[in-house]
Amino acid sequence: MPFVNIQITREGATAEQKAELIAGVTELLARVLNKNPATTFVIIDEVDTDNWGIGGQPVTALRLAAKAGR
Amino acid sequence: MPFVNIQITREGATAEQKAELIAGVTELLARVLNKNPATTFVIIDEVDTDNWGIGGQPVTALRLAAKAGR
Amino acid sequence: MPFVNIQITREGATAEQKAELIAGVTELLARVLNKNPATTFVIIDEVDTDNWGIGGQPVTALRLAAKAGR
Amino acid sequence: MPFVNIQITREGATAEQKAELIAGVTELLARVLNKNPATTFVIIDEVDTDNWGIGGQPVTALRLAAKAGR
Amino acid sequence: MPFVNIQITREGATAEQKAELIAGVTELLARVLNKNPATTFVIIDEVDTDNWGIGGQPVTALRLAAKAGR
Amino acid sequence: MPFVNIQITREGATAEQKAELIAGVTELLARVLNKNPATTFVIIDEVDTDNWGIGGQPVTALRLAAKAGR
């Protein structure tokens, strides 16, 4: 009965991609640890880029810097 | 000083129902473990059905299948 | 299919008390939101008092201060 | 490679304030534990006041009571 | 830069199996969402069976009942 | 009433260092968002290096590779 929480930045993941993550993680847990898919939960959190920091900076700032540098 | 996080699918829980969950969990922790309500936190996360998977499928798909099968 | 995470300090909660929390939260979600107990998960985390802070201090320090003040 | 999750009520924190939290936490972990900022993640969750309880009541109710008592 | 938290009951997962989960989830996020493995974090929590409830009961009780019923 | 969860690898952080993190985060939230320290919670989770992955590998493997490469 595993519980999996996937946190990603909110940058346009589609319902199809999220369904693929759910199916893939559930299959992985069944294959590696013989966990029952019927009681495997997967929750995906999409986080605004203003609210996610890495390297001491919000992702919003990193994306702008990356664009400017192209 | 307990911290409780309740995750449910976003399917129309009302403010009154959420207040009832908060009161109920806080009372439970006071009764069972003698925890002080003044420092008991409860956070409710409502998760889109596209973002919650069980049995390898998003809840959105399960709800549609359940409707179709009625 | 709710998921509930209860975080408490590790200060001697017994298996019976933890079972009572699990039963109580599950019953609350069934009563208030009509959630199915069969797919309600409850995870209890017990946290060392060195690792839990409130008011800017570890709980370890607060417990010592409370004892000294008795 | 620390991971930090900050949960606050959704009551108007600005992007600038959130950037300041991200920078401050990252700097703190580098200073105290010599953690590398490049692999320090900070995620801020802003929670609706209906969904956050303390003292057995939603923050929404506490804010209204505080206003009425002014 | 995804963050993934996998919670399982503490029932003997080996270091090799945990490494396989880490590799598998990281590969899945790279394949489905083009996420960079270098900044993909995976944290596995192993939870005592006394501290995990499903169906209103601790997993410890469910395992004992399953054994008794064999 | 913020709630902060800091996850780090279990690699010898002392009680003093953890107290410094608790004090620092609490002070940061008071300074930036005017949050009341009395209701600011900080929980530190120390995670075994076998259970933390980055770049698709457990930190245990990364630490061994780093030692070998010295």
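In this document, chain identifiers A, B, C, D, E and F correspond to the written order of the chains, with residue numbering beginning at 1 in each.
Keep in mind that, in the parts below, contacts are C-beta pairs under 8 Å (C-beta built on N, C-alpha and C of every residue); 3 or more make two chains touch, one makes a residue touch a chain.
The shown structure was predicted, so the numbers you read here are calculated from the model rather than taken from an experiment.
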| query | Can you spot which of B-C, B-D or D-E is a repeat of the A-B interface, where more than half the contact pairs line up? | reply | B-D
| task | Averaging only over C-alpha atoms, locate the centres of subunit B and subunit F and give their separation in whole Å. | result | 27
| request: State, to the nearest whole Å, the distance from the C-alpha centre of subunit A to the C-alpha centre of subunit E. | output: 16
| request: Report the inter-chain centroid distance for subunit C and subunit E in whole angstrom, where each centroid is the mean of the CA atoms. | output: 21
| message | Using the touch definition from the top, which residues of subunit A touch two or more other chains? | response | 1, 3, 7, 21, 25, 39, 41, 43, 52, 54
| field | Touching chain combinations (by label order) | value | A-B, A-C, A-D, A-E, B-C, B-D, B-F, C-E, C-F, D-E, D-F, E-F
| query | Of all residues in subunit F, which touch subunit B in the complex? | reply | 1, 3, 39, 41, 43
| Residues on subunit A engaged by subunit B in the complex (per definition of touch) | 15, 18-19, 21-23, 25-27, 37-46
| Which subunit A residues qualify as touching subunit E in the complex? | 1-9, 13, 17, 20-21, 24-25, 28-29, 32-33, 35, 39, 52, 54, 59
| Complex contact set, residues of subunit F against subunit E | 7, 47, 50-58, 60-61
